[in-house]
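We call the chains A, B, C, D, E and F, going by the order they appear; numbering starts again at 1 in every chain.
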């Protein structure tokens, strides 16, 4: 099947910043993303778990598939939000079906 | 540690179609997959969130690790289900431990 | 934007073993990981779903981003836990922003 | 007339309606107030179980009669027929495509169990009895409308996906199974069974309904905020005209088969209400080309609050006037 | 005999049993009816908290006596011992491997708190009192069986993973902590504490139990549908013979230590029931080579419904006959 | 003094406090007992809805007066002012950075609705009436403290992110909207509305509060276990001194504006309690450089249990002594 190259960007960010990140992505022209829940994790700021939490606690994982040429715009937009916060950004090479969508 | 090449296919698809997709995958000989919940997202059909939803709403993310030579069969099976629906398919090169499983 | 190469390791493992896996990772010097919930899946041990389950049932997906040179240590630590259990380990090449974190 | 207004007024300041309004306003003001999906699903399971059970107990107490059978048959026929009417009205009043119109029509042939439940609360407040088996009528009206919609699409030349699996899925969908199942449990265990679990399914029922309607308000508000563009004036007019027309049909049918006043009002509400839980999911499978923003916003964002706030007291007043009760 | 039958009949048409049956049938018919995991966990937390609390209040009202201590000791000994019996029976009746047989045995030495809870409902319906501390006996019987199973495996030459962490995990597993903790809260706050929260933990209890059993039925049905292949006739026979045998042992021990009729029945049920929440999770850690489909299906798919529908009235009738109450 | 002790004793063995203690102990012992996030959120929604509604009903019954307006103004002023005091005390007592101190200060200017709710339970147990609108005071005290904290940071030269969006988010945050909204619903529907849903929001309230506090105990315990290192003696001392000082300010203000005994105690508790739900989320957005482990542990791990176990009876005793009631 015909596929097209793309980049898969995964941003793990604090839940209270979710709306800020997606707004920034949208402003940077990224219209497609998927938000996955995160149960817990560990990093420089320690270990945490979602269990029993109330309010906008925890983190979410935002996954974007984009055309490679738009990667830098996305990363800059994302980075401005993540910068001072707890969070991780990773990029993988990917292929997508239906390139017209990205 | 000894690893083996594989493909990681990630299919984000509407929840009401989950069973159809996994049935199609199984028919195409894909016996291993993992289903992750999705909290929300955005695409050409707009923005959505799972919060407060009742019934079979939202989307799920289905991740398959397979031998590279079986990628095309999988994609065709998946594509037939996703085709007319809302959803995204992406493929990444991966390595797996315990190749005998795939 | 400046990025750095890394490995993205994804370990799908039974929920009752989550703490053992993260302890093993921490002992092996892996300090960063993110745990995602899993809704269901299929593999050699059959099909399963989280729905309605009580107790420590189901599986979780543990994602680690690490420097390539530390991959082997991580895999060995993870493998010792996963070995006799139900579960899958996959590795992808990735890039990360803020390399000092990994 | 005065009575209608005062009933409407009383209805509007009930905790149930105000909870829905709170959700609506919160979502429109973009508050981050949300109810977790699992909690919303849990409440819907509770409501379905309780309403089914109580219906079954009522039947076990009052016995089965021909009206019951007639009501069930009427329910199936109405659910099959109303989409045709809705489809016709949509073609007249809006510029929706065949497929979108058929998808919307399916929702209006099916029912909203929450509107039904809210009506039973109003009836109880007014001390008006109703046939316990109306719950079963609600259950049989859920699915047939979907088949009509697929037939409408097929007729107009497009290809609807009527997969073998779909029929089974429709008949065994979660809410039907729970409603029918708990109806049978209630019918089998009767008053004795009800006595055992009434502190769970009767006493707190209305309070749970409030929180559930808060959630519905949140979802409806989010929907309205996002789909302002897809809603034409004609579509909104349809979403208000349709329940008026179909409640009238429900009134006629209810009188024809000899339902009590309460039963007539419930049948009117079943006809007038539109699905927003079971049918949307079925449409994503069967008519994926239809735009969910349209049918969800019309059914949950317009018709649902219309029925809840104005429709229920109106239908009750009409039924009271017409039946002379 | 007639009494047994009528009691069984009455038991079978209780909302609790019928809810389980509804779940079972829905799952076997492949309905998509499901209860969210969080809701199911929430209900189990509610049930454990309520049952523990009420047990504690009962003890605070009736005081501590030697029978209490004897019962706790008996519970521990039974939980250690019953797996040996189960293992022996499994080797005789089935072709299961050592490891699978040990894993199954662990489940039958441990207990099912839901079966226990359902029994207290039946006893209450029959106005039969029981010792409040039987809840504590239930708690102490949860874990020891796991150690026996590991010992059985070790003895037969395979290497079971008895990690240092495992013991702490077993003793501090969620359901034990909640049961014992709320037992102490109930014992400390007594009738006064109960009065404060009884509209939450007493009145709606049975209704919550119905929904929880609906969920158990769904899980059991799904399990049965998927593991038809792994179930031999011998294994199914074991899953029915074992509770009969172990309830008999429970009867003897209960009479020996001087429990009341209600207490004897509860001890019989604790012996007869098999775990399907705590032990499966422990087995995944300790005996990963054992096949979960086998032990889960036997304990939740066969023994649990057997006890619920037939076992409880049977054990009650036997205890009544034997003790002459 | 004797009375204080006996009240404290009675308070300590209430199911509410013991449930919190159970959670704390379970988490410190590293039990795997957990409550699903969705269930915890569901309980918090229930509690906010119930407390707001009941407050509104109380206002509709007793009417509005100048004290109400004064109380609301006082609440806003206190919420703005207390962070300054807290900041000063933190600079004296601890070595926290400006940013960490400001973030902690924001929590102590805001309020803990659960502490408020627990206090209403204690007051009700003592048959002490209080002003229904204190719920509204609680709502207005949630957000202002955050602005003070940002101002403190800005003044000290660091750049706090006061985005345009943040203000709206603060005012429309989930708990404020739910509390104020249900307050209005209660005020509008009055006793009649309450009668309809009281089996849901009144009867089981205390029981739900127990389970919610069990969860708070689990979270607090997990927090304490992990942040032993970040907690200096000075910081812990602050977390106990601050509520004492600010409850005293609340006492003065409450007497000044002429609140009843119950109202004074509630205002003291609002001043003395620290937020651990709304403010932490706001801080992650507004002051991301502040260390969450510090403010969460102080507010939920130290001040919350202190208030719950010792603070509430102490403030009540002081208020009784001072007002001579």
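Here is the rule we use: a residue touches a chain if its C-beta (ideal position, glycine included) is under 8 Å from a C-beta of that chain, and two chains touch if they have at least 3 such contacts.
Keep in mind that what you see is a predicted model, and the values were worked out from it rather than measured.
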Applying the touch definition from the top, give me the chains sitting in contact with each of chain A and chain B. C
What is the distance, in whole Å, between the centres of chain B and chain F, each centre taken as the mean of its C-alpha atoms? 45
Using mean C-alpha positions as chain centres, tell me how far chain B is from chain E in Å, no decimals. 38
What whole-Å value do you get for the distance between chain B and chain C if each is reduced to the mean of its CA atoms? 18
What residues in chain F touch two or more of the other chains? 32, 34-39, 41-42, 174, 199, 203-204
Listing for chain B: what residues touch at least two other chains? 19, 36-37, 47, 56, 92-93
Chains grouped in pairs wherever the two touch, ordered by label: A-B, A-C, A-F, B-C, B-D, C-E, D-E, D-F, E-F
Chain B touches which residues of chain C in the complex? 10, 12, 36-44, 47, 59, 61, 72, 75-76, 79, 82, 88-93
Okay, in this complex, where on chain A does chain B touch? 1, 3, 6, 8, 22, 26, 31-37, 60, 65, 92-98, 101
With touch defined as at the start, can you tell me which chain E residues reach chain F in the complex? 36-39, 41-42, 45-46, 49, 53, 168-169, 172-174, 177-178, 181-182, 184-185, 188-189, 193, 196-201, 203-204
Which part of chain C faces chain E closely enough to touch in the complex? 14-17, 19-20, 45-47, 49-58, 84-86
Under the stated contact criterion, what part of chain D meets chain F in this complex? 13-15, 18-19, 22, 25-26, 29-39, 42, 125, 199, 203-208, 210-211, 214
